[in-house]
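Two complexes, one shared chain (chain A), two partners (chain B, chain C).
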Partner chain A sequence: MGTFNKVVGVDGVRRDTVDKLTGKERFSGDYKIPGALALAIARSSEAHALIKNIDLTKAKALPGVVRVFTAEDVPGENSYGIIPITKDQPMLAAGKVRFKGEAVALVAAESLEVAREAAALIEVEYEPLKASFTPEEALADGAEAIHDKGNLCFEHDSLMGDPDKAFAEAAVIVEDTYTTSAIEHSYMEPESGFAVMEDGVVVVTVSTQNPHYDHADLCRLLGLEEDKVRVKQATTGGGFGGKLDLSVHSYVALATLLTGRPSRLAYTREESFAASAKRHSFTIKYRTAADAEGNLLAVDAELVADTGAYASYGVAVAMRAAVHAAGPYMVPNSRVYSRAVYTNHVFSGAMRGFGVPQVALAHESQMEKIAAKLGMDPIELRLKNALKPGDKTITGQVLGDSVGIRECLEKIKAVRDEWGAAKGDDDGVRGIGVGAMLYGIGNTGVSNPSTAQIRVNKEGGVTLYTGCADIGQGSDHVLLGICAETLGLAREDIALVRADTMLTTNAGATSASRQTYISGNAVKAAAEMFIAKAVEAAAKVSGSAASELCFTGTAVKGPDGELSLLEIAESLRAEGRELEGEGYFDPETVPLDHHTGQGKPYSTYGFAAQLTLVHVDKATAEVRVEKLFAVHDIGKAIYPQGVIGQISGGSAMGVGLALMEEFDHTSDKNFDTYLIPTVLDVPDVEASFIEHAEPTGPYGAKGVGEPALIPTAPAIVNAIADAVGVRITSLPANLERVHSALQLMGGK
Partner chain B sequence: MHLEPFEYEKPNSLVELEALLSKHADEARLLAGGTDLLVLVKEKILSPKMIIDIGDVAALQGITADPAKGLTILAGTKVSTIEHSAEVKEFAPALSFAAAQLGSSQVRHMATMAGNVCHGSPSAETSPVLLAHGAVLTIAKAGGERELPISDFWLAYRKTALAPGEYLKAFTLPALPKNAAVEYAFKGLRGAMEIDMVNVGVYLELEEDLETVKEVRIGMGAVGPIPYRAVKAEAELKGMKVDDAFFAKAGELAAAEATPIDDVRATADYRKKLMSVLTRRAFSAAFARIKGE
Partner chain C sequence: MNTIEDKEGVKRYMLSLTVNGDPHTVVVKANTTLSQVLRNELALTGTKQGCELGDCGSCTVLMDGKPVNSCMVLALEAEGHEVTTIEGVAEGAKLSDLQESFVNHGAVQCGYCSPGMVLSAKALLKRNPHPTELEVREAISGNLCRCTGYVHIVEAILAVSEGRTTPPEETNAGGEA
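For the complex of A and B:
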């Protein structure tokens, strides 16, 4: 047993570091599964077409092929999707394909080579339909309906105050149209998993962010009762939102259920590119009104997101983008209209930030434009309008105590002063830019609880059970930290059972920067209940008053000696009870009104500001981010190194969003042409945080996973504008885009 | 990945290698690092019947520097060896630099410069520097050797002067005269692990006055189907006085001789512009190097 030290807020080597570095940790592809069938998927060559016929003859005739599956073989409902109102995606296309790369048939064979060869032999007869590749095309008269309900997937309205009046009275109005690109998540580990039958149960071990959702939709697709499917999260090599959708899960589960044999499937990088979710590209028309002193009066924004062929998280992205449209500022009047539109692109889904990085480009560019018009310092303008505790957001939510945006802005102001004026060199010019944001922790305006249990194990120690998927971000370390701190133990003293639908209960998705706050609270509650129960039982056994007893982590001590946890557990078992703490936490939210968008979407928000120094080569237009300072209000750092890691990695992703990432649906097949930043493209990120404790958070913690990347791209774009006097409104600000902007202004 | 079947040989000596090559002339491919070859085989762009691995041929390994003859790099030498070689750093620092820009560290430890050159990619990192150095290739086969200036090596897109049965044995970079320097400049879409949009190697040699151009060479990459020299520019630049106008003129002339295409990495217009900027900067750097700045 480790001796008790404070755990929360203390650094140290993360529990999975050594195993990952030495290769001991096993990802799903590392398991040996004797006798496993290899699977391969035949994918649509058409973006939009009716399937007239699927000829499996040649594929089935190939020696080594065990079985070939099509939509007709799906035993349950052939439709899935994370959001209950938009379960519109088939696991195998039924009569129609809606994007190029959609799964049409599945081959199970004795070897991967044979499975792939057979998949290539499947002959599909298509009747092409007119395809739409932009929301404008999809919404135009005469566009072919991609789904029966039409091509508008979702729309969301938000109205507060009287924006028209505010615009009429404003001293300054700025407006522009901003666009952002589709982006591939680019996790290191492509989608991968395997299934085996165990006592009549389909057991799926898979790389995932959301095992309990996977379980529910697998039951739906397979037509099985809850206890006939078990999902175990394998060690997961990154997700960033892209592993919230079902991918290989349904195929391995189907093949194993219908053949009785184990099966496995891992996407190639090309398959992952073709068939996994992308970040929504947005077009944002944005107007902002301010008075002569720089007080924001109103925003009016129209957001259109390309949600691709299936809804996935489209509803959540469109809604969250609308809620965050005004940024971390007090804006008394607002109108936001947000839409997610179906197109014949591969589906868009969740990706780190859920639409907020996209709107942040708009609101942060607008702030610069207002500052320029009024001749104000851009940080001063932001400070003037920054939200404070008790202020109202554009959904009418009155903010609680943990609102650290002002401190963040003060800090970057001081750093900017330290940096001094940006000076150019022989080849180019330099500029400094600011980006700021707020981000609601948890799902938008809906119940999204987490649960956890703590039990005594056979060795007399404690085991934490959580459904929370650690996808590499470090939630295991955080949750164990909270558990250890509450119980008065060290992390190493606690065993962990994680993300297994048979052994753990639902913690919700590892998304929306929610696990530290929500699952952290559930774990803390479980630990508190565990202590109370142990003390209560010990009091009963020893005859002492509970107030005389003290929980030590491994025992309960009293005036007459101590009782071990095993002894306490035994006494409870005699009464038919368990020594167990159960925790539950659901953040307090109020659903958004359907017409006005008013409500309380989140119970708390993270805040951040980032400052960048960029160098722009005047001749080649190359933009180099030379410095990046980030400060995030995260409530409380449970594991500070983890927070810094998230901010550093998120900022790197933000550099990609800002300068190079643009998924071309026709030409980007893999990392040959789809470029993400390398270590040489990212500056040393100077990451820091402030701890504006959230009263409802575990030890005051909020979340940081997505906030990490949100301010980066706006800060870079604003720095480019500062350097060269040209504002880039379409991301990414790649070489040629910056180059043509420079030429437009007569730059050399 | 389902490879087409092939036979594999790993000779230990030049004699064995040359015998194998002459026997399987039309259907053999040489495997050095495999970083290009295996990709092509996996993607079924190439389906050689025979792969001959030169990894055990000790006579193809090594770098020697001779004040009279110059720098000799044998064909089996890994890019990482070239990158870190003290001789290369001293006698051809731009080549060391270009080698360091190739792929990733893992790739550089597998790949050879000979592979980079024989693969014939128009955007290969080392080719422009070798052009600028006026490198001479030793090409061998069973029973004979010949020498070829590298500027005559690439014939068309991914087509080289190697005849069936021949292989590239060595590179010789003639010793730099005094008052001469080579520089390499490149631009990709990101800092590493990319294919250059444009790259260029320049050679500048000055007269005794240290201001008149005695000789120049410009080796351009990714602006045509092969790496090639801007011969018209070279002729026009000879005899000029080196000043800012010279640097600008060099850029202009190189760009004028560049014949890039639009592709996924960049437009032709942008490539021409880049060629001008990079050539200008490379000459400026070469001048500074000669002056000891």
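For the complex of A and C:
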């Protein structure tokens, strides 16, 4: 790697931490908004029904109610959604409800108590329709259509080589069906935001992962021009994909636009559970073929995802799951058929991993089964098939240089042998398991650029402008690090303006593990242009050759002295120019072919392997993860402590996915029944990383946010199998499932 | 306790309590919670609300030194008690050792659970200055965090119990260039 100016790879201190630890940091719910209207939403009691009538009389008559809104009040197009081809979700139900908890009417009142009371007084007359709660029901003949186009939201085919021939010639074929559950993101801060009118502009301050998308869909819903809506990201208390959809945004914007008064709305936890996206539950039918030496020959997989009542990110999840179906292995022949199906559940959307944690359960369980059949060491089997630079993925993409999966597996293997020796096999209730993965950085097969600017500020320092929403993971610190490294400054020298649609340009969503790689590259390009421009202008002023000049971060130095950034900016201003660096980066992708799924979905991939040691209590069927060792190939750690933080947090979420979390759409309303891991449920994760520099990455960096989670659940399931000999194919591996699997085995 | 009735006949109470060393008197209803008083009446918004059911711990404050979920404490129960919120942990501009250690260990991500975590940890170290790792885990087991996996938080608390606020040098995992 090139030489570093001591910022990249050094932790430093995030500029938000002190305020977050002293109570000074303001989340959107912490602002005082004088005169703000309180909002409350009346939600559907039916899962699938036509709305025959909405009676607002009693609600409107309640003292303190200012206005009540229904679909008829939405001034623009009452449909939104992140994916341009599936904008199918109304902000207020129009004529029909498609899930229980869907917003039907909105109350604006002088107090929250009154708003909630009025919302409860709204009387909706429904004509119930037959509801579907599984993809199978929704696709069956005679199922009621949830949307006009039917219940198949999206399908994706992928074909490479000749899988039928490969299966016919295989020495070993293993086959199984795997299922995963719906999961609630459970960010600690429920959805929250407020709106005010400023000079004819609706200004929405909100907890979000994607302010520029929010802005576009708010303009669409409100029927307003771009310059009449401004979205500012408030400090955001976690997202994990669940704050990529619009939530409170459209309601505060509508109420403020139509009353002229400020308004605010924070979901209760119950409301957040009822009305926000969930992780897609999947059913995965999977066949794998291998030769007698353990070389993988073919994969044939059919994936069905419950996308709920609205598409949200369903298309992206179904497609990404298909692309990743074979895992981090070289598989010459493959067929994958993936579908996202509408049901009358609350909509499913993006959640950390976009369908990849689900398929990872399948491909990693299959690897264990093949190893068992062939009597091979499961890590050796993985090493034998692990992707290398120059190998082709199942979309026909030839991989570049940064492919660290073999090294991850080698490290895992050494630790496995250590643990294995220590564990012995005396008690028979401890087991060790491995999980491995690859993950494409950025959106799948589509342009998804980021932009950034660097300008001189009034104090003569520099300000970085980025549209990138930091949702708590620390992207501000990463982007400042890249900016500082390139300019030869410290992070502390740089001012930051971020995630405000009036002041910053689009950086795309904080999702798909894309901001370090994509926005990082945009920031680096902006910094490089800034330096070039400053040197060029200084050369002109001083009459020196550009080659004699040196950019110092705060000035340009030459043989005859130095010019400050302010002086340079002034000289440029005289020519009507600005001292500004502008950066743009769009990863190189090739769209996937509609029939064969072939293409180049991502320009680079992250890789990882994790190892768990579990204890299974045979009497109670309780599974405890005692140790977790993770190795991630992240390209380059810009902020190592943050990388470790991502892996630790992702692994904990993986423990939840593996052992605890299964969102019950009818009974889970809050954390009293929906249990996420506490500190007593997770091990002391030993997280580590390797740095296979990505040539196209900023200082070699890729991404880690989602990879952090993906190998965990397979590693746990495989450890359970190692401990007690039962293979759990439906997640979560909770007490009931492990107990009944143990019973079944005992009965044999 | 002084009470008044509003025009709808709802009784209001004059509540006196001490928050971060300062005496306060506020008017509350019988069903007003301590977290509502702190956030809405006293503008101490460092106390977060995450579930309002006592399950997430985001609203943890100390009452007479003991951690409580302030969403589950009626404001009237705090009458005459001493409440410590996150705003009262630092001494002026100087962070407490716990806060310093959270900073240095990267124990904060989104920050929504952080105030509650710090207060639960503060209460633990007060009653048990040298806890084991399990005791640390038990002490913060009522505080949910979805970001960190708790690893850096546990390390930050243990460090303080060992008289440090920074990670030991050799723990930096991974990262050979």
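The rule we apply is simple: the second predicted complex is superposed on the first by the 733 of 748 C-alpha atoms of A that agree within 3 Å, B and C clash if a C-alpha of one lies under 4 Å from a C-alpha of the other, contacts with A are read in each partner's own complex, and residues count from 1 in each chain.
Convention: contacts are C-beta pairs under 8 Å (C-beta built on N, C-alpha and C of every residue); 3 or more make two chains touch, one makes a residue touch a chain.
These numbers come from a predicted model, not from an experiment.
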### Message
Between chain B and chain C, whom does A:E686 touch in the aligned arrangement: first, second, both, or neither?
### Response
second
### Partner chain(s) touched by A:V614 [first = chain B, second = chain C, both, neither]
neither
### Message
Just to be sure I read the superposition right, which of the two partners does A:A362 touch: chain B = first, chain C = second, or both, or neither?
### Response
neither
### Query
Of the partners chain B and chain C, which touch A:N734 in the superposed model: first, second, both, neither?
first
### Message
Under the stated touch criterion, which partner chain does A:T678 make contact with: chain B (first), chain C (second), both, or neither?
### Response
both
### Query
By residue count, is chain A touched more by chain B or by chain C?
C
### Message
Applying the document's definition of touch, where does A:R116 land relative to chain B and chain C: first, second, both, or neither?
### Response
first
### Message
Touch test for A:I638: chain B only (first), chain C only (second), both, or neither?
### Response
neither
### Query
Looking at the overlay, does A:R14 come into contact with chain B only (first), chain C only (second), both, or neither?
second
### Message
Just checking: does A:K24 make contact with chain B only, chain C only, both, or neither of them? Give me first, second, both or neither.
### Response
second
### Query
Considering each complex separately, which residues of chain A are in contact with chain B in the first and with chain C in the second?
678-680
## Note on the structure
The answer for chain A against chain B in the complex is residues 113, 116-117, 427, 619-620, 622, 660, 664, 667, 673, 675, 677-681, 734-736, 739
### Query
Hey, which residues of chain C end up touching chain A in the complex?
39, 43-53, 55-56, 58, 85-87, 89-90, 95, 99, 102-106, 108-115, 118, 133, 137-138, 140-154, 172-177
### Query
What residues on chain B touch chain A, complex-wise?
2, 187, 189-194, 264-267, 270, 273-274, 277-278, 281
### Task
Mind listing the chain A positions that touch chain C in their complex?
1, 9, 11, 13-14, 16-18, 20-27, 29-30, 32, 185-190, 235-238, 240, 268-269, 471-474, 631, 637, 640-645, 647-653, 670-672, 676, 678-680, 682, 684-691
